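I've put the structures underneath this note.
Each of the next two complexes has chain A plus one more chain, namely chain B in the first and chain C in the second.
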Partner chain A sequence: MNKKRIYPQWFLVIPLIAYVIFFLIPSLLGAFYSFTDWSAYSANTGVKFVGLQNYIDIFTSNKDYVSGITNTLMFTVISNIIKLIPALFLAILLQEGVKGKGLYRTLFYLPSILPFVIIGLVFKSILNYNTGLLNMALETLQLGFLKQKWLSDLDFVWKSIFGVDAWRGIGYVMTIFLAGLNTIPHSYYEAAQIDGAGFWSRLRHITLPMLSGAIMINFVFGITYGLKVFDIIYVLTNGGPGHATEVITTYSYQLYSNGQYGMSTALNTVLLLITLVIGVFVVRIMGKKEVQQ
Partner chain B sequence: MFKKIAALVLCVSMSTFLFVGCGKGNDVSTGTENQPDTSQETEVTEAPESETPDFAGQELSILVSAGWMDNRYDATIARFEEEYGVTVDLQTIPADQYSDILKSKLSTDTLTDIFWIQSDPFAIGSQIVDPEKYCLDFTGAEWASVMPTARLASCSFNGKLFGLQLWHNSPEYVMLYNKSLFDENGWTIPATYAEFKDLCAKIAEKGVTPWFVPGADGWQHQLSFFQIGGVYEEATPGLYDGLNNNTATFADNAKMLEVLEQFKELANLGYFGEDWIGTDSTNMANDFGDRNIAMAMANSSYIKQIQEETGTADEFGLFLIPLGDNTYFPTNPGGPTMFGSASSEHPDLVKAFFSFVTTTESMQEILDNSPQYTNMDVIDANVQQHWLPEEEAFMSTIPAEKMEIGVLQTATKYTNNYWMNFGADMVSFCLGEIEANDVLKNMDANRAEAAKAAGDSAWGN
Partner chain C sequence: MRQLANKVLKQLVCLFLSIIVILPFYMVLINSFKSKGEAARMKLSLPTEWFFSNYIEVIEKGRLIRGFFNSVFYAGISTTIAVVTCAMAAFVICRNRTKINNFLYYFILCGLFFPVNYVTLIKVLNVFNLTNSRMGILIVFISSMIPFCVFTIRNFILSVPVELDEAAVIDGAGPLKLFFIIITPLLKPTLVTCFILQFMSVWNDFLTPLYLSSDSKLFPMTMSVYQFFGKNKNYWNYIYADIILTCLPVIVVYLLGQRYIVGGLTSGAVKE
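Right, the complex of A and B next:
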């Protein structure tokens, strides 16, 4: 036995049991129920095995669950881009001696600790076409021609969601970048400056390579957040107008509310599979990068 | 060695606690398996008047959606607590979360002593699913006689009485209009869709929103389609039966398509306001009071609310929804209904509560404490109703036979279950994302799914 170990390995037993009972088994059961017709009526009719029928329905139903899947993937990609890039530059800005940077850091981080329900209520009010702060401000500034139906126009609803999501999430992403930036020795930048390297050169050859760990963490967090997005959509549009902003989880929630548990778990299993595929892909890339470094 | 033993003991004891928790859950489910016996044991047998059951110290828990009991039951509950020496734990849940919470409590057998559902003649089977397992059987209870026959249908299943529905019978979701504004401008109440469209144009010219439709609420705008069920039945005789027997569909129904197209036409003409899809009903009363809007679908009692909240001196009136040249005022036998839980630890206290709230004194008290409602639809001549003159004037214009049919959403199977989905589809249609017939096809597909889940033989299951 390795005497240097502080704790014995069987200390893992309890968390492992908890993990198996409260996570693994329910997840496997969920996948199992996705092959059944489990519903609110099952108390009377029993649960029957239906094979792949729920999955066939997902991809052939008139309800357009496929658009929910594509919307989820689209949200994952775009929300990551519009949070990661501004957050990186904000972090660099606040790292490099801006006056009152402590205050700015706090201000940028604050939205991320607000509950989604509060954010939803506040922004639904701000973005209201007739009485919202944004349109009223535009009118006051003689910019009334820029007024929009922010949450009910098909051309603007996703943009509004991305805007609110970025407002909430940028501070959090920025904080992780700041932690990464703090680990880069300042002497690297000084040496590069002496060699005549400009901002973009320093960014490309020092900051980004040295920050790859923080970028990867933000990337992984962003992908998992994007794939399971529910709250921000639910509180701002509830999938509307019509079904324009439905994502996998809002459809799954509707199915569950209607008592169609089998279909709901099938949709969640599709989400699980997508997450697994992307997760394995990201972890492999991370592994390769670490080896290269 | 000591550390190893200590760690092992700790590990075993924590695991034991973990499984003790699981074990308790099993006990609960075992208890549930015996529920049918319990419900049989608790069949209503009215206690003699002289006997005062001893419930002192017991707690009666009630699960209800916001808006169904609110303050109107407070005084009655206080008297009940005082009379029996009990406490009532009223668990009021926000309306948009209630259905999910109730379903999870039903499926996990953690129901309160009394719970409520939005019932209709088909709702008990579809929402509670197995009432004999979950509900106290009140068959033969004396208080059943206070409910009109139409409401009894929403409280019964397979010939047994499970629920109690004390609800109002005011004109529901008809067109409420600013009568003073109409009189000043010489506008008259429209009888047809063409007249209504012309009227909207005149109102819009004055800078007033003709028909306020709060699309952001998600549940209001589709009322204009469902509340006029009579026109569909008139255009296709036997439609309701056909929809319930699966011999008719929503899809391709010419009258329904016509109504949807009319709704979209009014939306496109801007008669619902600049952003009806993004506007909710929060400011509706103020908008009426400020004369920003001329008409809206609302309950008759809303007149009182507008006048009290805004202090306006304007008078208001009611007329029928004119889509599809509607001449019907279908009634809605549905409404919030309370049930006793079969798993209640004090079923006699539940029965006492149901008896208590159905006395003349209690029903009058509940009605008097309901500022939003002018009447209670009960068979008790001693209850003093407070009908508004506007309600009486409106009702007097409609022939009795035009009020006999039920509204489409609760008179046909599985339709009401997909209320919100239909509303979202209507918005998609108005935005040009789908066609009118797609809205109807989706409803057929949804109803078929519900029928399949319920094992409904009419759908070949």
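Right, the complex of A and C next:
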């Protein structure tokens, strides 16, 4: 059989060209322009090389771009912990058999299909200090002392963002765990039960090892999502109060809007480097798994 | 006795979480029928007077029809093109494992992680005269979903027996006939999954149109809503009605294609 003839290379042409031109080249070009003073005004003056100046600015300027970078990393780590652990237990709970499991699954997944912009707007109104549902509910329950300025108090704004993010994301993570749990043979648990294994030891010795595929995919999705997060922060707080909840992507958009294209691409390139390091690591692990099969 | 208590407790946990999920939906829905003043208080009570006209008002003021058709255009066409072409590419990558194809697979896979650099993307679009045009936005959406589609579809093709190809070729089928007549029907589950997931993600996307369209004629629904919110900050009844109308299409797609979503999310992941 002539493989070249029945599997022609031209089948690859369209995706490959689109991917290279509109995905890869902008990233490479971004790395290139991050060493220039490219801005909205350079149409007249031309683009000049400035070496590492943009990166020096990022790490030393008083605009605090560094906190945008650390916030991005912090968001990635914490938002994933907040979603993964409850989602795992929720999936186990549903898997062990609850009446109406299908309905609950449908319902819990529902938030994650909605646009972030919408969720942001809805929670902006729910978390409003004076008229928001949350504060009013607290008051009705005689818990008025728990009322907070959820989106403008520095101590609470990140917690609110994590809360909203979890509201949207837990169902999604849970669904992937559920599919993983479905592939574990029931006999394993029966055998463990006969041996007298309790909940925690079953979790540790059967569920977690058997779930490694689902855990892996949740990590990958979660990490890439966290590093690129934009919509929810842009709509909920727009980086505020002050610059407290700014992340790389929001700074990058701001710089772009101000016409500082060079700085904007430099920040984007920092993000690219972070994802590159993590991505190479993840692809390696996935490649290894494939070899084992 | 203990088992019963356990059951009740589980049911209570699920019910409680369901309420947390539903409450925001309920609040939005109920307030979308209220007058401006009443909606501003955001109470959960039923409206004293039902204003169904809010919806008509919003459709006109918020330019929702235009947004709707823009969204359908972006999501429908970009997803169709991407899924079909990626399926072809994934087929060849999976079946003819030369060094080049293996490399190309991992090369495309990297796109799962990369952030898109919109600033330079605009520059690239400029070269092709595609800035601020529907065509440009469409092409960007197509390129952005290639890694996911190739990855998911290739994983599925692994389970389609090669003997089928051999039999078809012996019967005299060329590559196009082999792929579209013999293979494609077998790929239906994964193609539908990719279509639904990517359709929803384009529908929900906000960042791409935010960077790429300065002309409100090009806005998809998400942008229209946000713009409408910016202009009518105190009219929560209208904003809520707008939100309902924007969410409705994705919710319908979700409920119709639910089993494909759950199956497909995990097809690549949980098999091992």
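One rule holds in what follows: the second predicted complex is superposed on the first by the 269 of 293 C-alpha atoms of A that agree within 3 Å, B and C clash if a C-alpha of one lies under 4 Å from a C-alpha of the other, contacts with A are read in each partner's own complex, and residues count from 1 in each chain.
Here is the rule we go by: a contact is a pair of C-beta atoms (placed from the backbone, for glycine too) under 8 Å apart; a residue touches a chain by one contact, two chains touch by 3 or more.
On a predicted model such as this, the values are computed, not experimentally measured, just so you know.
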Under the stated touch criterion, which partner chain does A:Leu227 make contact with: chain B (first), chain C (second), both, or neither?
second
Tell me the contact category for A:Ile278 with respect to chain B and chain C: first, second, both or neither.
second
Touching A:Leu52 in the superposition: chain B (first), chain C (second), both, neither?
neither
Once chain A of both complexes is superposed, is A:Leu154 in touch with chain B (first), chain C (second), both, or neither?
first
Tell me which partner A:Pro8 touches in the superposition: chain B (first), chain C (second), both or neither.
both
Scan A:Tyr19 for contacts with chain B and chain C and give back first, second, both or neither.
second
Contact-wise, after the overlay, does A:Thr131 reach chain B, chain C, both or neither (first, second, both, neither)?
both
With both structures placed on chain A, which of the two partners, chain B or chain C, ends up touching more residues of chain A?
C
Using the superposition on chain A as set up above, list the residues of chain A that contact both chain B and chain C.
8, 11, 14, 18, 21, 128, 131, 256
Enumerate the contact residues on chain A facing chain B in the complex.
8, 10-11, 13-14, 17-18, 21, 37, 39-41, 43-45, 61-63, 128-131, 149-152, 154, 238-244, 254, 256-260
Over in the complex, which chain A residues touch chain C? Could you list them?
1, 3-9, 11-12, 14-16, 18-19, 21-27, 29-30, 33, 90, 93-94, 96, 98-100, 104-111, 113-118, 121-123, 125-126, 128, 131-133, 136, 167, 171, 175-176, 178-180, 183, 212-214, 216-217, 220, 224, 227-228, 230-231, 234-235, 249, 252-253, 256, 261, 264-265, 268-269, 271-272, 275-276, 278-279, 282-283, 287, 289, 293
Spell out the part of chain C that touches chain A in their complex, as residue ranges.
7, 10-11, 13-14, 17-18, 20-24, 27-28, 40-44, 81-82, 85-86, 88-89, 91-93, 95-96, 101, 104, 106, 108-121, 123-125, 139-140, 142-144, 146-147, 149-150, 165-166, 169, 174-175, 178-179, 200, 203-207, 210-211, 221-222, 225-226, 229, 236, 239, 243, 246-247, 250-251, 254-255, 258, 261-263, 265-266, 268-272
Taking the touch rule as given, give the residues of chain B at its contact with chain A in the complex, in rising order.
4, 7, 11, 14-15, 18, 99-100, 103, 107, 126, 129-130, 133, 215-216, 218, 273-275, 277-279, 283, 417-418, 420-421, 424-425, 427-431, 433-434, 438, 441-442, 445, 449-450, 452-455
